[in-house]
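Order of writing sets the labels: A, B, C and D. Residues in every chain begin at 1.
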């Protein structure tokens, strides 16, 4: 049925586009027409291949040859040699290492191994509302294996050996956590799934629940078996209606298939799962706060110890892990601890899902092996910075994390490296910023979030973060002093040192990391009263270009504070003392004479 | 309803699932039918994936193409939502991004009917396990 | 018990596992400052939210500082309580707390007795570098308690008292973050909430956020009015605590000095609420015997157990929470109100003055008494039986205001007739006292035999709920005692569910009874003060020559001249009351 | 004595919700979710009934309601406008969009227009970061919204 015998895929990702992929495409098209091949071979533009620095990229189908750094002038050679003569143009092939990657490619013609999908293995592949499709992808085999072949301790040992660490941010060894809960003696225990993904800009857990809910259910049952719990609870954000629906469907199906309920796999093990809803409080991502919220109370954290593994939901031992952590478990059981431990770095095993967002071309959900560099994530997978602007910073770890700079681009991502760099893994939000982002404002944005979301129980977090926010606000308005910068640092350090829970203990990180990495920018705001990104309104000046001004008086009439003076038909002038920077004059001017400086 | 009690039960479901796909009472041979997955995560839906899915279902039936359209989760390409994956019999699956009604129509007419690739393919840039 | 060895500020010590760093440090003379922490030893009252972060200390090997109040010692732990890091953190946290606190110390009712103020002094805070927005709220005044929550530091003590100990549920933390505050639902006025005015929130508040309504000015005005005869009654628990305000050891009895002070203040007659208490026993004891006899005689129209009714916060509590049981408590008014009713009738007659020209002031360990005396059922033609109720604290301030050197005062005795009382009345001031007093009288009235031993040790103590059987010459009288409204709730639920095994139950709203009342000098979390007050109360009882209410000669005279006999029609009219349903009603539109 | 006035059917509905959760106070948040689904918001009366049915203090119920941003004591507009202020939306200019909505509707966040048609609120991340900045009107999602688009979005609802 195929009309065309060959396809030439030209990457039209943003970066390739910027490096003339369009011209390459046109040149190829012209050459084909010149050789009367336009009805045999088709040129198609595609999304990003994830090899932006080698772009433009051309791929030939069906033989899967990949050409890199193709220039318009190469079009003729490709058409003549490859299409007409069947000879590969060797000089355009990628370097050896890349070639190897492509040589080993398997199932699909568009294949590259920078990403590995473990937690996301089924996400976007299977119908999340069809349990049979999950089973067809080896679903529930791990649970079966655990219940019929392993003792609880053996399962715990596998998880321990795999090196899996909590994906919710803290990075606590998962197997160890399970073991602690397992060892506590109690008539009742609980398995809790923390699905209160609250970082602004993070949607990893939501995607897993929407795309592969059974993997979470299966893992929770496995945990129940290990720890001796018969009841699982998923604490999920009420703002995630679709994830709630898919989880409910999945739980019902699992019950119908006997994979939840009594005597699962004839092992004598009973397990069932209920949903509990969050109600919009970021702090409930903290496990003790989460438990109080599940008990119908204000989501205020309590001092640890006791940890939930000993004293959790309703005072009973409870194992709390987040969605992504659980999603890894069935694979580890199926493929073995050694396989999992072979991926990643020495202390951080496996892969991590990130929600890549901000000023980046390929916003999306990605999963990379631990140890992948930020550069690979941002410039290869992410396709680089939007609009060809300059990369400035990447924020990881949400409101608990920090802003990293171009100096950190070659840092391999893992728990310990990110902390050493002044940020943290967090749950996996990764926001990219460009030259238009003012780092003081970014710090203020995060502090604003923390102030909104602080529970108010302990004084450093309740009052300290408010004061941090106020100082940052003052700086962005151009009213800051060097003394304020000293205060920022001392306050940040004390809040970290004295706060009750993880929220307060990490909330100053956006301030500290920007102070460390963008000190000059703070000083500019304070001393030079200048915002290089041009985003701090308080530091901007509206001025009238005397040349362009026609003296129409439209601006002067519109100015709400009468800051503009000038003769009719003569150039006008803005009195900076009076101006409140509302921007009305700029809106009103028909001659583009009002400028923002 | 199957009550799964052993590994064999699981394996049976797995095998059966590969062999026959049933949609609204009809049996399909997966080897002979066009299979389309529509990414119906929150961002997909927000970008109009549901409309695209309905369009595909209606139009494929109208145009007498034996096809199975199912939903799936987020494929990860938030920048290119809505995304759909099309698998023609005997061929590798191809993912298309930014699929609106017009694009969906083009996919039916050109790719599904003629095997002609069209602009907007998303290269799969990850390895799955 | 397993011992744990640790080092605090280079001092090595061994303490029991489970001890907090705070308590371990105290053992070696290191006093780590605290703010939100509160522990009333022996009363099961502990507030340990770990919220203020003032008590943070450095623990070797730990990433961040640890709150000493909530962190348990571990083997080999090395703690520093005064390192530069700790001192800087503690100072900064204090500066932050102060940055969200009004700077009106000079005119604050808590000035001089404020834990926040003392702490700022102790930490040597000289300026507040972190200035910014302060949270502001509406000031809320109720009949007993003023809430000025701008001064709230979120220590959560009041919330703990109101919910966990008292189970009143008038207060809760509301909102979150910087806007978080302790308030009634919808930030409504306390008066509209189920508040019982027990005042335990005030008793534990470390700042001026919760204080009593001050009626001293009205009393001064009345005293200065030549047309008024002003008389005062003092509750038993006042004399066991007032001395603390003048630097005397807790537990010092200052009855005689207190009477002298009140005279110097200008009261025309200094009387004793104890007289009212003896009267209460006559009425309540007789009512108990009446109900008991009827009950034993097979009359199922009477309900047992009988519940004491002298605590106004307790009365409020069951009116709000157990309106269906409102015919169970004794109908006897409280001693304060019995005193007022007799004063404004019997005594006014004796003086030959109109009740409107007789001003009755009470000195109470209690804040609910302020509300109680304002209840409309306790007034005649708009004139209340008791005009003003001052707390022990207000009296102390009043004495200081009047330039009286309390320590130098001679001891003097109450006036007659309403100043005479028995040991039975004195023990009303502590948990178990009312029922013991009632038993002393009821026993003799029931058995017609004199008591061999007046002291009923089995009814005493500080356990939250106590039970004892008293042998009434063959009849086992089963007695229950609860103090703290949370404990009361438990006994009430038994009564409601028909599971109560008692014939009589004594209930006091405040932990420890009136000695721990909301109007008493602040204990600042030191439970030994309450214990000392209790001891003093029993000592006062011991010292009395008459220790049974029915033997009070002036009580006997009162019945003879005026009331007739207990439960007489006149007694009913003046000394008994009825209760109201104050629970939330859902009205269907 | 506090008196709550509610129509009988509503009281019954609330009682049924509480009962469906066994009048268990641990289920308070679930009960409040259901109640808000039915009433659209949680007025004081509704909270009083819930408190009574679950046998907890009204202060405690309000403490919970006022803690969680999902619960509201003010009725939402017929067309509730929510602006995502997640980080991705923030760096792509969500604040300017919010300012424009404020200006156009002449209300602040948390308020409703006097005619009750529109209300304005902020959301944390809705997870549609690829479409940042994101605005929701009711269930409908608008992606890549620029301040210039705001007028048009509001006009879509002008005649509804």
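Definition applied: contacts are C-beta pairs under 8 Å (C-beta built on N, C-alpha and C of every residue); 3 or more make two chains touch, one makes a residue touch a chain.
Because the structure is predicted, anything quoted here is derived from the model rather than measured.
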| item | value |
| --- | --- |
| Middle chain, criterion being Cα centroid separation | D |
| Chain pair with the most C-beta contacts | A-B |
| Between subunit A and subunit B, centroid-to-centroid distance (C-alpha), Å | 26 |
| CA centroid of subunit A to CA centroid of subunit C, Å | 56 |
| Distance between the centres, which are taken as Cα means, of subunit D and subunit B, whole angstrom | 36 |
| Length of the line joining the C-alpha centres of subunit C and subunit D, rounded to whole Å | 43 |
| Subunit D residues counted as touching two or more neighbouring chains | 63, 67, 126-130 |
| Multi-partner residues of subunit C (at least 2 other chains) | 173, 175-176 |
| Shared-contact residues (touching 2 or more other chains) in subunit A | 203, 206-207, 240, 281, 298, 357, 363-364, 452, 455 |
| Residue ranges of subunit B touching subunit D (in the complex, touch as defined) | 42-43, 45-47, 77-81 |
| Subunit D to subunit B touching residues, read off their complex | 126-131, 134, 141, 143 |
| Touching residues (chain side subunit C, partner subunit D) in the complex | 163, 168-176, 183-186, 192-194, 581-589 |
| Subunit A residues within the subunit D interface of the complex | 198-203, 206-207, 238-240, 276-282, 293-299, 314, 355, 357-359, 363-364, 395, 398, 429, 431, 433, 437, 442, 445-446, 452, 455 |
| Residues of subunit A defined as touching subunit B within the complex | 1-4, 7, 9, 11-12, 42, 44-50, 59, 61, 107-118, 120-130, 132-133, 135-136, 138-141, 144-145, 148, 203, 206-208, 210-212, 240, 242-243, 256-259, 265-266, 331, 335, 357, 361-367, 381 |
